[in-house]
Amino acid sequence: MRKIGVLTSGGDAPGMNAAIRAVVRKAIFHGLEVAGIKRGYTGLISGDIVPMDLGSVGDIIHRGGTILQTARCDEFRSEAGQDKAVAKIKEHGIDGLVVIGGDGSFRGARILSDKGIPTIGIPGTIDNDIPCTDYTIGFDTAVNTVVEAVDKIRDTATSHERTYVIEVMGRNAGDIALLAGVACGAENVLVPEAKYDIAAIVEKLKRGAARGKKHSLILVAEGAGKGFAIGEVIRELTGWDTRVTVLGHIQRGGSPTAFDRMLASKMGAKAVDLLIEGDQAKMIGVQGGKVTATDINEALCTPRSPDMTLYELAGVLSI
Amino acid sequence: MRKIGVLTSGGDAPGMNAAIRAVVRKAIFHGLEVAGIKRGYTGLISGDIVPMDLGSVGDIIHRGGTILQTARCDEFRSEAGQDKAVAKIKEHGIDGLVVIGGDGSFRGARILSDKGIPTIGIPGTIDNDIPCTDYTIGFDTAVNTVVEAVDKIRDTATSHERTYVIEVMGRNAGDIALLAGVACGAENVLVPEAKYDIAAIVEKLKRGAARGKKHSLILVAEGAGKGFAIGEVIRELTGWDTRVTVLGHIQRGGSPTAFDRMLASKMGAKAVDLLIEGDQAKMIGVQGGKVTATDINEALCTPRSPDMTLYELAGVLSI
Amino acid sequence: MRKIGVLTSGGDAPGMNAAIRAVVRKAIFHGLEVAGIKRGYTGLISGDIVPMDLGSVGDIIHRGGTILQTARCDEFRSEAGQDKAVAKIKEHGIDGLVVIGGDGSFRGARILSDKGIPTIGIPGTIDNDIPCTDYTIGFDTAVNTVVEAVDKIRDTATSHERTYVIEVMGRNAGDIALLAGVACGAENVLVPEAKYDIAAIVEKLKRGAARGKKHSLILVAEGAGKGFAIGEVIRELTGWDTRVTVLGHIQRGGSPTAFDRMLASKMGAKAVDLLIEGDQAKMIGVQGGKVTATDINEALCTPRSPDMTLYELAGVLSI
Amino acid sequence: MRKIGVLTSGGDAPGMNAAIRAVVRKAIFHGLEVAGIKRGYTGLISGDIVPMDLGSVGDIIHRGGTILQTARCDEFRSEAGQDKAVAKIKEHGIDGLVVIGGDGSFRGARILSDKGIPTIGIPGTIDNDIPCTDYTIGFDTAVNTVVEAVDKIRDTATSHERTYVIEVMGRNAGDIALLAGVACGAENVLVPEAKYDIAAIVEKLKRGAARGKKHSLILVAEGAGKGFAIGEVIRELTGWDTRVTVLGHIQRGGSPTAFDRMLASKMGAKAVDLLIEGDQAKMIGVQGGKVTATDINEALCTPRSPDMTLYELAGVLSI
C-alpha cells in the first residue's frame, strides 16, 4: 500500500469533511500518499483526481458538506463504467480506496473490491439507515438541526395554541424523527417502522388540550407519510388550526456536531488502518461504543430498524 | 393614568416578550399598575386579564413567542365586540392600553382610542410590513433565522453543485427575502415589489455556472410567487437538478437577536411615556435611528416599500 | 411505592430538566405521585418540597439549568443533617428518591439508601467524571459549547496567525478537553490523565508554522494546568503573539443537545423502573449503548479515565 | 481609476469578508481591477499583493475573520515605511485603496491620501468606537455573541441563585457592554463613559434578592474595570457566591449576523463609488440609517460616546 484514494458519494452529510481529513492525515502519518477523487464515482471514471497533502484538509473539520463534492453516477452502474473506474485507479497508482457514503456507495465499494481494488466503506449519511453501525456520520448533526428547528416552532405553537405537524428527512428510516421526537417532547412521532392510527393520535391530542397543553407537536418521518396530508386529516378531525412545516434541505447542512466530528475522525483513521493491514470490502461502524469492521456483503444483507424502545419511551414521556 | 393594559395580537414575533417586559417595568417604575391581557383582543372581550408585577416579566427577555399569547378575533371586528372590550377595560380599571402587533392590531388600537381608551401601538411582526418605522420587532431575528438556514443549505448546494430555490415569509412584503438575500449572497432575490423575468434569471444562473460557480441560491418572498412553481420552471429551462425548500414556521420562532430585544425595550418604554403624557392613537416606530411616534391613521394610510437600492445592490454583488 | 421524590444536586448541567421530566412523567404513567425537592439536599432538610404533575414539567425539556435548582449542602455531611432529611422524606410520604448529580450526590444517595430510603442516582454533570457510565448528562452539550467557542476563536486565530491557548472545564477529568480537542482539530490537548512536555508542544507548533499553518489551537483541561501560565511559557519559548481564553461558565449552560435530552430521558425512565422493582442504591449509566444500573458503592470505588486512544488520535490527526 | 486595492487592518471583525467581497464585486462590476493586500499595512510594504476576481470572494460572505488577514505594522508608523508602501502601490498600478479597520487604520488611510493615493476607510471593529458612524462592522455580531453567552450563563445562575460578573470587550468604549446589558436584562452595566458606585450596585442586588430574583448578572466593559476585581468586591460586600467570567476572544469570531453582512455590503459598495467619483480621505459610515461619507480628519477628531439614554433604560428595565 503506497497510495490510497478517498471519495464521497451519495447525499452529502455534515462530518464528511472530518472523515476526509482523518483519512488523509492518518495515511500521511503512516507514510502513504493520498489522492482525492472529486464528485464520487463520476470523478473516478473521468479521472478527476487530485493529490492531497496535510494542508489540503486544514481548516475543514468544522465545515458542512464535502470538499470532494458528491454526485449520482449512472455510468458506474454498468460493468463498462466500473471497468473504466478500475482503469483510472490503476492509472493513478492508487492501491486502496476509502468510500464515504450510504448503501449505494457501499455496493460500489464491494464491486471495486471484487475487481481487485481493496476498498473500505465509511457510513456517511444523515439518515442513519445503514446496518451494522449504531450511528452514521451526519446523523447526530441532522437530529440536532431538527431539534433546534422544532424548538423555534414550539415558540410560535405556544403563543397561538396551535398544532404543528413537522415532516423530517430519513428516507425509509424513522431514526431522525424518532430521536428528534423524544428530544423535543413531541406528542406524537410517526415512523415507517411502526403502524399508527390517526384516530388514536387525535384522541391523545384532545386529551392533552383538555389538560391545558398549549401546543402539540407531531413529527413525521418522510418514510411514514406526507406532512401536509396528515395535517389535513388532523384539521378535519379536530377542527383546530393545524400548521405543517416540511423542514427540507437545512437538515443536510450545518457545521457538524462534536459527536459527528469524533465519529468521522475515528472511522477515517480505522479505514486507513484496515487498508494498511491488507483488508478490503469492509464497512466501518461503531457498535456499542466500539469501532467495528463488518464485511460489506453482510452489512448490505442485514435488516435494521431504529431502537423501537425509544418509540415506547416517546409515548410514555409525552402523556 | 393609574393602570395600563398590554396585549399582543396577530402573528407572534420574537421580541414581543421583551416589549411586554419593557411596558411592565417602565410602567411600574413610574408607579403605575399593569394588567396583562391574554390572547389579544379575544382575551380583552372575555376578560382574560391578569395583574402583572416586576417578577411576572422576569426571565422572558430571551424567549421567543409571547407569554401573553395571541389569537385572531373575529368578534372584535363587530362594533358589539368592540363595545364589550371597552366595557371590560373599564371594568378592570384600565386607563390606557399598549397593543403589540401588526396592522390589523393597529386598526383595533385606533378604534379603542376613538372610543375613549387611549391606546398606543407597537409594531411587532417578522414581516417588517408596517409604514412609519424602519424596523418591526421580530424582523431582525427572522432575517437571521433565514440567513442561518440558507447557510446550511449552501453546504449541501456546494457539495452537489445544485440550484436551490428557498421560499421565505413576509406576506406582501419582500423585506425578509431582500435582506436575507443580500446577506447570503443569493444569486437572485424575488420580491413582490419588483417585477422579475425568469428567463433573465436563468441567463444569470448559466453565466455563473459557466464561470465555475458551485451552487446557485434563489430567495423567493412568499408574496412574489410559490417556490415550487419557480423551481419547476428553472428545472425545465436549465435541465439542472433544482431543489426547493419552503422555510416555514421556524421563521417565527427563536430567541430574539440583540437588535430585536433592544428595539422592543425602547419601543415598550416609549409607549408608556406617551400614555403618561396623555397621548393616544399613536404608533411607535424607529426611523433614522430615533424612536418616533406617528398618528395611527397616518401610519395606516402611508404606502411603504423596502429599500429598493438593496435590490440593485443584491444584483451587483452577486454578478 | 406510591410516591417518589426527585432532586438535583451539585453543579447544574444541561439536560437535568429533561431527566426531571422523564422521572415525573414515567412515575405518573405508572400511577405514582411525584414530589419535587428544591435546591438539592438543602431543600430536603428544610422540607422545600412541592408536588409535581404532568404540567409542571411541560416545556422544560429544551431548557438548560434545573427548574428544581441546586445548592451545596454542608449540613447534609453530618449525620444529624442526614437524619433530618430522612425525617422530612417520611413526613412527606416519599417512598423512593431519584438524585440527579455528580459523585458527591451519589454519596448522599448511598447514605439515604442505607438509612432505609431507596435511592437511585442519575449522573448529571458536564465533567463526565463518573465511573460506570460512558456519558454523563450535560457532557455532550458542554463539549459542543466548547467546540462552537473554539470555532469562533479559530476565525480570529487564522486572521492574525496567532497561537491560542483555551482553558476548558472538567475538574480532575480531561474528557471535555479531549473530545473538544479532537473535534476542533486542536494542535495540542493537555489533560490531567497524561503527562505533557511543553518543549515537545512548542516543537510541534514550530513545525506547523514552518509548514504554513495559519494558526495553532491548544486546549487545556483545567485539571492539567492554568491556561495563562501555559500561554506565558509558549510566548517565552516562541516569541509569538500567544493569546489565552478561559471559557468559563458558558460551558454549564445552553439548551441541551439531542444526545443529552435522549440520555436524560432514558436514564430518568430507568430510575423509576428500578424504584418500582424495589431496587435501591444503584447508579444509572449508559455503557456500550445500553442503559445500565451499577451498585453505587461499586461506582464510587471504580477508577476511570477518558478513552486515551483519543489522545493518540488527536496527535495523529493534527500532525 | 483602473485598479483599486483593498486591505484589512487592526483587530479582525466578523463581516470584514463581506466588506472585501462587496469592494471586489462592485469594482469588477464597474470594470475595475482589484488587488488584495495581505496582512494590512505589513503586506502593503512587503508587496504581498494578489489579484482578485469574482471567484476569489465566492463563499466568504458568511465567514468570520478576514481572508486577507491582518497584522499590526510598526514599520508603517515611520515615514520611511509609508514611502515604501506608496512605492509598492505605484509598482502594482493601484490607483485607489480601500482600508477596512479601526481608527489606527484610518490614520494610515489619511497619510496615504496625503501622499497622493486616494484612500477610503471602512469602519471594521467589534468595539463600535469610531465616530461619525452609528455602527461599525462586527459590532452587531459581537453583541449577539455576548448575548448568547450571557443567556447560557443565566441558566446556571438561575439554578444556583448566584451573582455573575461578566467582563466583555470594547477597548475604551462601553457599547458592547451597554447593548448586551440591555438585551440580556442585566441588573447592572458598567461602562467607561459613566461613573458607577459599587455600593449602590450592591444595594440594588440586595433589593432584587429580597424580591425573589433568582440570579443577578453584571456586565462590565473592559474599559470600566476588571471583572475579577469587581467580583471580589461584590463577594466581600454581600457574602454571596459571586462568579466571574471574562468572555475573551470568542467575541471576535463567528459567522457575521445579517446586519453586519448588510452593513459591510453597503459600505464596501459605497467606498468603490467614492473612489470612482475621485473622492479620497473619507470614512464611510451609517448614520440615521443612511450610508454617509465623512472626512477622515473630521472623523478622527470627533468625540463619541454610546447612546447614554440606553444606560438609563437599562437601569429602569432591570429594577
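A, B, C and D label the chains in the order they appear, each numbered from 1.
Note that a residue touches a chain if its C-beta (ideal position, glycine included) is under 8 Å from a C-beta of that chain, and two chains touch if they have at least 3 such contacts.
Going by UniProt, the chains are A, B, C, D = ATP-dependent 6-phosphofructokinase.
Every value quoted in this text rests on a predicted model; they were computed, and no experiment measured them.
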item	value
Contacts common to chain B and chain D (chain labels)	none
Chain pair among A-B, B-D or A-C whose interface repeats that of C-D, sharing over half of the contact pairs by residue number	A-B
Chain whose mean Cα position lies farthest from chain C	B
Distance from the mean Cα position of chain D to that of chain A, given in whole angstrom	39
Rounded Å distance between chain A and chain B, as computed from the means of their C-alpha atoms	35
Whole-Å separation of chain centres (CA-atom averages), chain A against chain C	28
Residues of chain A whose C-beta touches two or more other chains	151, 154, 158, 214
Interchain pairs in contact, sorted by label	A-B, A-C, B-D, C-D
Chain C partner contacts - residues on chain D that touch it in the complex	8, 12, 14, 16, 63-66, 69-71, 145, 149, 151-156, 158-161, 164, 214, 243-250, 252-254
Residue ranges of chain C in contact with chain A within the complex	21-22, 25-26, 28-29, 54-55, 58-59, 61-62, 134, 140, 143-144, 146-147, 151, 154, 158, 179-180, 182-185, 211-214, 255, 257-259, 261-262, 265-266, 269, 287-290, 310, 313, 316-319
